[in-house]
Each structure stands twice: as structure tokens, then as C-alpha cells.
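Both of the next two complexes hold chain A, though its partner changes from chain B to chain C.
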Partner chain A sequence: MPITAEFEYVKPKDMDEALHVFSLYREKARALAGGTDLVVHLKEGLARPDVVVDIKALPELAGLSLKGDTLRLGALVTFSDLIESPVIKSKFPLLLEAALTVASTGVRNRATLAGNICSAVPSADSAPALAVYDAEVLVRSIRGERRVPMAEWFTGPKKTALAPDELVTAVELRLPEKKHAGCYMKLSRYEGEDLAQGGVAALVFADNTYRVAVCALGPKPVRCSATEAVLNGAKLGDKALAKAKEAILREVSPISDIRSSKEYRLHMTQVMLGRALETAVARLFGKGPKYGSENIA
Partner chain B sequence: MKAHRINFTLNGEKVSLEVEPNDVLLDTLRGRLGIKSPKVGCDRGDCGTCTVLMNGRTVRSCLALAVEADGADLVTLEGAGTRKWTKRLQAKFHEKNAFQCGFCAPGVILSATELLEKNPKASQHDIKEAIAGNLCRCTGYEPIVEAIAETAKGK
Partner chain C sequence: MDLQKLITRPEKGAKAAKAADALEVVGKSVQRVDGLEKIKGAARYTDDLEFGPGLLYAALVESPHAHARIKAIDTARAEKVHGVVKVVTGRNFKHKFGLYMNDRYIFANDVVRFVGEQVAAVVATDPKIALRAAALVKVDYEELPAVMDAVKGLEKGSPLVHPDLKDYTHVPWFFPKPGTNIAHWRKIRKGDLAKGFRDADLVLEDTYTVPRYAHCAIEPHSAIGLYDASGRLTMWTSSQSPFTQRHVFAETLKAFGLSHKDVRVISTYIGGGFGGKAGVTMEIIAAALAIAVPGRPVKLLWNRAQEFYNTYQRLGVTAKIKMGATKAGKITALDFKLYWDSGAYVEYGANVVNAAGLSASGPYRVDNISVDSMCTYTNLPPCGAYRGFGYSEFLFGLESHITRMAEQLGLDPVEFRKKNAIKEGETLPYGAHMNPTGIREAIERVEKEIKWGVKEKSKDPKKAFGKSLVCFWKAPAMPPNASSSAFLKFNEDGSVNILVSGMDMGQGLLTVMAQIAGEVLALPVSKIRVETPDTDRNPYEWQTVGSHVTWGCGNAVKRAALEARERIFDLVQRVHCLDKSTLYLQDECVKCRTKPDFSLPFRDFVINGIQAEDHTFKGGPIMGSGVFMPEFTSAISDPETGQGGHPNVHYTTGAAGVILEVDKETGKMRIKKVALAVDCGKAINPDLVKGQIVGGLLQGFATVLYEDMRYSEKGRLLNPNFSDYKIPTSMDMPDEVVPIIIEVAQPDGPFGARGVGEHTMIPCAPLIANAVADAVGVRVKSMPVTKEKVALAVKAAGK
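Coming up: the complex of A and B.
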């Protein structure tokens, strides 16, 4: 299907030049990285930019690096980059597990993590993992640079805290100091390529503290702090789990749509929370399935 | 709109042409370059029939702008002869009758090419995962997975 809308295409090699375009055109400029969402939106008329800014020649946006305890994921880092990175596998395996659930190889080869959180669909698979790792989004404009914590990033379905003249340059994650393990549990209609009916990420620490975040179970991906508060300090057993399953129902607000009913999602929220926490605990003790393996269900 | 001159390699041959900013790579390949193996399927990245190799990696040509191909090395099934695994897979698909209508086959073979180039010892799970984004409505996938597995084993 051809794109009927008309726009100009620029591919700046210089960051200032790129930021000037965004400053000048604002809502009428759209950043192009992998294009896996943008091109669909261009075809369907959901995006009507005057100018498409291809950001793939901006060196500042490239690369994945761990310095000290800070992981920097440049805005051009694709899901395949994450999956193939030894650093992600050894230090941030929860992110690997989430990345493996995103679409399919042909999409992951182009789709970027930054693009995923900029599209900001409620089912963004990378969002719960980023939330439990306390990620921050680095954004720049000609006005300067700022950091947005994940908790403030999503403002609604397909809406973010990004201003019209701003560009995401990177996402930064802090490696937790304490011993920990995680799990991302994604519910979909079939194995393979599908959007999440619901997703739960859990990070469990050796000192019995917990982090939980979800996607596709409300208008935006969220961290579940009340559920965490119920769990914190307790060893994960039937009692703590039962309380947590009660608590999480007050933190999600799923809808019924083509992928599942609200009632099914509410039920599965509890099931997924249990399985994610139990899997994470097992991994903490060197047991449980390998990250990203086919056996988590 | 301002047209852009782009230069890239297509199946080992140099190509230079002018494209509009809103030209989609898939449409340019099929409509202007006579490359018909990538098909128009869902046209939104879900079905995998438009798969091409860009710099050795599978991409959805329905989701790439033609102008983005500037400087790239593109391979489609027409260029099977330029890649070891593609050629072997193609032969094995013929031998095993691993497709029926054939609409998905070019995409499947290129996805399998990327997999085997990265990991010639791919497991059954790796194979299924690699072609998860290539929908086939005829075969039920069994002969496809078998053909890829046998190609990997050099049978």
C-alpha cells in the first residue's frame, strides 16, 4: 500500500541540526528510527507530519554501554541489539526476557526500545521491565536536556511526557546493587508473535524486597507500588502471595477488547503475578527456567 | 516533496534511483525494480511476506521507506545465488515440497537464511522462533520446519 500523505525527508548527521528541525516543526516533525510503528501510522493517516526526520545518522543515539552501574541504551538500540548483547544477558536478563516477547525477528531487527516507549501503547512489552529497573528517559531539545523517570513517562494511552520539540536520546537503567532475579510473564493468545493481553514483570531481591510492574492491564504500563508494599519484608509464601494478589487487583484497570475480556485479564493478572514472582524467586536461588526460555507459562 | 537519489546494492548489483520521501521500499522493489518475490500481505509488519535482507538482517520492506535503503546491501529471494544458505534452503524447500501456494516462501526462506547464518546449529525451538513472524496459511508449518532443520544438518 503506498503512502498517500506527502512529507519531506531529512537525515541530519548533526544533533543540533536535528533538534532545530524538531524545534521548528514541533508536532509536524516525526522521528524515524526503525519505522515499525511510524510507517504503519503514515500509511493509515494516523501520523501526518510535514517532515520525517531519520535519526539513524546521529552518532549520539547509537550504542549500548555499561559504565559502573549505569546502563545506557541509545535511542537507536533495537530489540535485536538487546537480545544479542552479552551485557544485557548477564546483567539485565529481565530486559532480555521482555525483548524476546516483542513481535518477531524481522520487526525486532529494526524496532527500537526508545520507539517502543515513545509509541506508548498500553501493551508495550519493554515498559514493565524498564519500570522495575527504575529506568530514566533522556530527552533533548534546543532548550536543553532533561531526564524523565519511567513513573512519569507514560501519561495515557499512546501519550508520553515528551514535548513536541524534544527527542529521546537514550534510556538509562541502574543495575541494582543487591542480589536479585526477575521474570517477565507475557500473556498472549498463542506462542509467537502477538500483542500482550497482559504482562507482569517482577524483580525479587535477596532481602525480601520486591518490584512489580504491568502492561496491557490499564491505560498505561504502571509500577504496582501497593503490591510491592504488601510483599516487602515477607518471604514469598502462600500468605504473602494471597495478599499481593488481592492488592494488585486495585492497581490494574483492564478493559475488554479484541484480545480478551476484562474479567479474563483480571483473573490472569493474579495468575501471572504468582508465576512471575515464583519464577523470579526460583531464579534467585539458581533454579527455575532460563531467561527467555520457552517454558515459562 | 523533494526527491532523493539513493544508491544501494540489490542482489549483488549496484542500483541508483530517485525516490520520493513517501515511497515504500516494498512498492519500489516490486513496481520499479521488477523484484516480485517479496509480496504485499498485511502491509503492516505482521505477516512477513514482504521480508527482505537488509545488511544481512531480515526487515519488513512494507515498513521501510525506500529512501532508507540508501547505502544498504539488499538481498531478496531473486538473489538466492549470492548466499550459501539461501540457495540450500531453496533447494530443500523444493525437494521437501515445503510450501503449497508459495506466497510466504520467499519470506520464510530469508528468515531461515538469517537464522542459519547466525546459528547453523539452530534447534527446533530456534527455527520456530525465527519464522514466528512469517505466516503460512497452507502447510501447517511442519514441512517448513523440517526443511529448515534438514538444511541446517546438511542432509
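Coming up: the complex of A and C.
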């Protein structure tokens, strides 16, 4: 299916040029990295930019590195890059688990993590993992550079804190100091690639503290601080779980749509929370399924 | 030329004649003849064909309304776009067409009847220009009240989708009710229904619903048309039905001076059909556009969304079943009402309704039966053939119901099925008699394979195992005079080309045809070439549908091969003075039972003849032709009872069973094991039959577990894409699939074969519904049986 819309295509060689284009065109400019959302939207007429800015030649946006306890994921890092990275596998396995549930191998080879959070659909699989790792989004414009915490990044369905003249350069995550383990549970209609009908990420620490975040269970992916609060300090058992399952219902607001009913989403929110926490705890003690298996609910 | 070399000499040391029934090519899993080409990516599909820089591209203007009157079409702006060659509307095409009922136009004339219906087309030098210009065509509509539901469409005062139904022409076995939305009403009345219910110890009544489904062939529909200066129309189409298409093109466009001889359809390999490329859908638009722009090829390629909303869809159905049975487990009565949502045009879909109505008893003997299979027009996209042709749909309710009946009677559901399973010679719902069938053996083999009766318990307390076994049957649905034919030609080296017009759409038809001819002619498949058809050169085949081509086309090929063999024997008898009855073929040679040292290789005579003693040559190119028409069938019966005809050629029967694991909290289902036994009469190629079983099951399980077409209240399809219409991936395969081939010969089939293609998907829906009920005690009566429905039902039941 051809793209019928007409637009300019530019491929800046350096950051200044790219940022200049964004400052000039603002909403009328769209960044092209993996293109897995943008190209589809262009074909379907959902995106009508005046200029498409191909950012793949910008060296500042490339690469994945762990320096000290800070993981920097350049804006061009794809989901396949994450999956294939030994650093991610050993230090941030929850991110690996989430990345493995994104679309299919072919899409993951092109789709970027930064693109995923810029598209900002409520079902963004990477968002709960980034939220529990307390990620920050690094953005730049000709006005300067700023860091946006994940908690402030999503402002609504398909809406972010990114200003029209800004470009995401990287996402940074801090490696937690304490011993921990995680789990991302995703609700799908089948085993093949699917958009999350709900997703719950849990990070469990050896000192009985917890972090929980969800996607596709409200207008935007969110950290569930009230759920964390009822869990913190308690050993994960039936009682703590029951309280957490109560609490999380107050932090989600799913809708009924073609993919799932609100009723099922609410039911599965509790089921997935329980299973994510239990799996994470098992992993904390060296048990449980390996990351990336048995997490499609 | 060295004449000495042309003189044929019998070879020494010929092998002894083989036993009469020992098959050497048929029954063997030879590699498919198109395999290497496809694996290498060299096989060409319609969209791969090159037509040079003169090729034009078409884009459509489509209706945004489910039901509306077209008040005006303004094409002026579109026509001015640089690169636009022509804008075509319904103005120039006033002839209605259809496969079984003439109820549709090439472009909507005065009224649009579904969202997405073609109203006009733009032909341009580039696909982008065509799309941009199509967006500039302005159509004024007056919206009309629409019919969105097949059951509501039957209510008094419902809007009418086709007010002029009384004027439509159709095949004689359809019974439309003008003044209503009923396009066809297939009735079956046999026995004494009231007595049957009186005799029953249990009468159970319930309703089951099945939504619409899409075929989702990976290759979208595509067609290229060229109307040239010689007055002939050549169409390259991705089609299961080149000859039926030729017929529909010629009939629909005869006002332009076309006759059948002028229309040529060339069909390449097709990337999946599943019924969706049977008959004629978008191809008629490409044919009309070719006529509108003579001298230049015009290409129409469906995008994925169009593939969903403007080809045939599988019909949705609301099935009301009332069944009676005795304590002993005998079905005494069945009252089956099927309300089909058939869409805006039913030119093909009405025959699905007909076929299902004839066979709605399932593979059981039911002496007292009433079936009302009603084809209702709605303002949703047209429905038509889909693998299973109505049987998957009615079997969901029927086989769910049978399990429930058995359980309520305290009987074993498998024993119940065995007791009622139809036997050879028993009377069918329309009065004809059942063909030979291995259904009982199929049940027993599957029963054993899934360890029926042994309850399995999951180690995971959150999960439960369930088992089920269901039966299935299906007959090809075809006109009583649907024919097949074949040409067979020997070449100088003793190899053979076979010309048929059956389509290989992945099922392996070409390979199987080569095997049938190879068996008759003692040739390995590697010496035989069979390719996709060109209606100018290849002989007639009605369509590749209904799981009938191995049987029908296979019979024609066998006859062609037998004719060629007869010519060989005649020639050898004449020249070598050997009695015909002593001759046989082996290892690409003619041999003689009474003269063990006689061996005449094909390559020595099949083109250039045999040199006689006087140095003259006798014979000439060896060829054969074969024709097959099922001369015992008739579609004419009493419209009020359905009795009197012989509409179906034969039924293929079978049974399937599953072991299903259900997660009680999430509803997630995992098929641990599935076994399917099908009586294909004779597996010409066992690997290909197994391929049908594995593929059919995967397709069937997808329709019950997650596929589902959803419409807005205004009739717009909400999921015309793979984001929200899920088709199975390799990850969705059951853990274990056990294909079981049963071979109770079909007397009139080639080497005893009967059809097997569709049957393998039709038991899937009740298999899952019954296994879920067995595992977690909840009954889902609407397809699909999603994990959401299962989880919420379990939760509601407090289990």
C-alpha cells in the first residue's frame, strides 16, 4: 500500500541540524527511527507531517552502555538490541522480559524503545519496566537539554511531556543497589504478537520493598504507588497479596474496547499482579521461570 | 538421422509383473512438485507478474455507509489530476451478476449496501495518483435504514436490503421470499418430528451463535485485466476458479461483445485461498476497468483492509437447536433453525446456507428431522465460501448440544455418538443414502489416542484438564453438473505434461494429479509436469472448492491416463502383435505378461511411433483426455421438504479429540494434544493429508479461540487488520497433533479417494467448548470461546 501523502524527507548529519529542523517545523516534523509506527501512520493517513526527520545518522543517539550504575539507552536502541545485550540480560532482566513481548522479531529489529515511549500508547510494553526502574527520558532542543522522570513522561493517551521542538536523545535507568528481581506479566489474546490488553511489572527487593507499574489498564502507563505502599515492609504472602489486589483496583481505570472488556481487565489486573509478584519473589530466591518465559497471561 | 536408433527393441531382463493391487506412486508421500520452486522463493504470484511501463493502476471509491442511496457522483476533480486516465462508475455497467444468484453490480448502481462497497474506480499511471484522485471523487448519499442483524432482519417492518428481490434470477434450488430479507430458505422435513419429541426422554433446546470470520490468505486478492485490439479480454487473477471467473466475466460483460472464447483467465500460484478466492469478487472490477481502458493492462491489488471487508466473509449464524433422545441414547428428533447473516449480496453465500441446511443433522442418523436454514440479507459485507462451507458453523451448536444431551442423560458422550453415527446405506436428511464411511473407526482411534475416560489432573492447582471428542462430516457443495477435465500429453523422452484447471493453493493438487497419472502410466512423479491453468490451453474445471478436486479432477486425470495407456496398448498390439490383455506398464516401459523379455521404453515411441517390419512408422504422439461429471446427482427436490434430490456426491466423515489445559484464573487454554481421524477413502499422498490435518486444526482452533470480526453499530468493520484480527502463529500450535488417516474406499473416487481439505478444521469449535466444559464446568455457547469468556464464566460460577 503506497504512501499517498507528500512530505519532505531530511536526514541530518548532526544534532544541531536535526534540532534546528524540529524548532522550525515543530508539530509538522516527525522523527523517523525504526518507523514501525510512523510508516504505518503515514500509509493510513493518520500522520501528515510536512517533514520527516530521519535521525538514524545522529551518532549521539546510538548505543547502549552501563557506566557505574547508570544504563544509557540511546534513542536508536531497538528492542532487538535490548534482547541481545548481555548487560540487559544480567542487570536489567525485567527490561529484557518486557522487550521480548513487544510485537515480533521483524518489528523488534527496527522498533526503538524511545519510539515506544514517544508513541505513548496506553499499552506500551516497555513503560511499566521503565517506570519500576525509575527511568528518566533525556530530551534536547535548541533551547537546551532536560530530563523527564517516567512518572511525568506520559500525559495522556498518545501524549507525552515532549515539547514540539524537542527530540528524545536517550533513556537512562539506575541499577538498583539492593538485591532484587522482577517480572512483567502481559495479557494477550494468543501466543503470537499482540498489543497488551494489560501489563503488570513488578520489582521485588530483598528487604521486602516493592515497585509495581502497569500499562493498558488506564489512559497511560502508571506506577502504582498505593499498591506499593500496602506491600512495602511485608513479606509476600496471602494477606499482603490480598491487600495489594484490593489496592491496585483503585489505581487502574481500564476501558472496554475491541481487545478486552473492562471486567476482564480488572479481573486480570489482580491475577497478573499476584503472578508477577509471586514470580518475582521466586526469582529473587533463584527459583521461578526464566525471564521471558511463562509471562503471557 | 540414424534410423537404427529409432527402431525400438524390447529390453532384456524385464521384471515380473507387479501384483494387481500394489500401488507404486499413489499412497506414497512423494515430495510436492511445486515444493522446490516455492521454497526457493521463485514461484510467481499474480502481483509478481511484469507488465511493463504501460501498466495502469486502479484505486476505488468506497461507500462510507452501510445502506444509502447514491444521489450524485462528481468525478470532475479526480479526472483533472495529472496521470489519471479514467474515472469509472456504475453508469457504464448495468448488468447484474452472481455465481448462484444475480444480485450484485460491478459498481453500486443506485444503492450502496455495505460499508466499503465499490462505487467508482480511478485508473491512473501510478498507484499513488489513483489513490489521491479517488479521494477527490465526491459522492452524495442519502442514508437509508440498515439491517445489521440476521434475526432482526426477519422481523416485520424491517428495512429491505433488496426490495426488487422478486426480479432476481437464481439457480432453481434457491427459494427466495420477495418482500422480505430472505434470499433463500432451505427446508428439510423428514419423519414425524412431533412423535420424535414424544418418544424422547430428554428434550433440550438452546441457542448457539457464531460470528463472521475472514480467510486471511497471506496473499491478498489481485487481478490484472487487458482488453486488447483483437477484442479479447485477458485476466491474470489470484483465483481458485479460473473457469468460473471466465464464465462470469463473459456473461457479465457480454454487452461489450465478449463471448467465452474471447475471455482468457490465467491463474498463477495463489498464496492461500480457503474459499476466499473462489467465485468472483474484486476480479470483476479489474475486468470492467480493462474494458473501460482498452489496450492497456490495468491492475487492481487489494490492500489488507479491503481483503477483510470487500471479499467474501464467512457467514455468521444464530443456531436454535431442539433435540430429543431416549435414555438409551438414541436421537429421536432434531429441530434445527439456522439464521444466517449472509451480508449485502448472497450470490455465493446462499449456497453455503443451502449446503448447511442439507447436512445439519451432522454425521448421525436422525429419522425425525426438521431444518430451516435461512439466508438473510444484511447491510454488512457479502459472505461466501470459507473452508468448511457452513459446516463449522452448525457443528459448533450441534456437537456442543450432543455432549450436553449425553451428559444430561447420564450417558458417555462418545458412546452416545457411536450409537447414533451414520452407517453406509442409511437415509440422509434429504432422502438419499449414505456412502461408505469409516466414522466408527475414526471415533475409536481418536478415543484411544486421547485416552478417553481417563480423567487427568493438573499438578498446578490453578489449572484443570478437560477432554472432548466430536464427530464431523462434510460433502462438497456444488452444482449437480460441476465437471472436471484433463489433457495428458507424452513427450519425446517419455515424460508427460498434464493440463488441468484445478488450482494448487497449497493443498498439493498438482502433486496429487501427477501421482494419479503416474500410477496409471508407471511413471515417477519426477517425469510429470502439472502447472497452474490458462483457460485458453487447459481444459475445464468448475472450481477448486468443496474439497472435491482430488476426487473430481483426479477422476478426470485418471481417465486421461487410462486413455493414453489404452492408445499405447492399441499401438503395441497392432505393431508387435501382442494381445492387449497381456500388456502392462512398468518402469516407464510397456511389458507383456506372456513374453517376459519384451520391454518397450516409452521414450522409444510415444512421439515418433513404432517402426514396423516394413520400416514404416505406426502410431504418433500419445495423448489422453479425461472428463468427469457426477452423473448421479440432482439438486431438484420438493421445496417444502427437501426430499427427492441427490444434491451431494458423498460425505467425508471423521472424528477429533483434544486434551485441553485450562487456566481457571486467566481462562488461558493450551491444547496439550489433539488427534484427528479422517476417512479420506485413500490418501493419495499421506504427507499432504497430514498437512491438511495440521493446517486445518490450526485454522479451526484460531476461529474458536481468538478470531472474531467486530462491527460498529453503523456496520463498519472495526478490525480489518492483524492488530485486532488475530490469526495463528507457529507459537499457537497445539503441543501435539496426531493425524490419523482412515481409508474406507469411495467407490467412485480415484483409487478410492474422497475429499479431505476442509474437514480438518470443522470440528474445532465444539472440541474446545466441550473440553472447557469438561475441565472447568462452564458452557460457552457463543464463538469465539475466548479466554476472557472462560475466565469470566468460571469467576461468575464461583468455581
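As a working rule, the second predicted complex is superposed on the first by the 293 of 297 C-alpha atoms of A that agree within 3 Å, B and C clash if a C-alpha of one lies under 4 Å from a C-alpha of the other, contacts with A are read in each partner's own complex, and residues count from 1 in each chain.
Note that in this section a residue touches a chain if its C-beta (ideal position, glycine included) is under 8 Å from a C-beta of that chain, and two chains touch if they have at least 3 such contacts.
In this text the structure is predicted, and so the values were computed from the model without any measurement.
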Considering only touches as defined above, state whether A:V39 meets chain B (first), chain C (second), both or neither. first
When the two structures are overlaid on chain A, which partner does A:G106 contact: first (chain B), second (chain C), both, or neither? first
Is A:E193 in contact with chain B, with chain C, with both, or with neither (first, second, both, neither)? both
Applying the document's definition of touch, where does A:P2 land relative to chain B and chain C: first, second, both, or neither? both
Who does A:S80 touch here: chain B (first), chain C (second), both, or neither? first
Return the chain, chain B or chain C, that is in touch with more residues of chain A. B
When the two structures are overlaid on chain A, which partner does A:R146 contact: first (chain B), second (chain C), both, or neither? neither
Which of chain B and chain C A:H267 touches, first, second, both or neither: second
Contacts for A:H20 in the overlay, against chain B (first) and chain C (second): which applies, first, second, both or neither? neither
Footprint overlap on chain A, where chain B in one structure and chain C in the other make contact: 1-4, 191-193
For the complex, give me every residue of chain B touching chain A. 1-2, 4, 21-24, 27, 40, 43-46, 48, 51, 57-60, 62-65, 67-68, 111, 114-115, 125, 128-130, 132-134
Chain A contacts chain C in the complex at 1-4, 187, 189-195, 258-261, 263-264, 267-268, 271, 297
For the complex, give me every residue of chain A touching chain B. 1-9, 32, 35-36, 39-40, 42-43, 52, 54, 56, 80, 103-107, 109-110, 191-193, 294
Given the complex with chain A, which residues does chain C contribute to the contact? 127-128, 131-132, 135, 303-304, 665-666, 668, 702, 705-706, 710, 718-719, 723-724, 726, 728-729, 731-732, 786-788, 791-792, 795
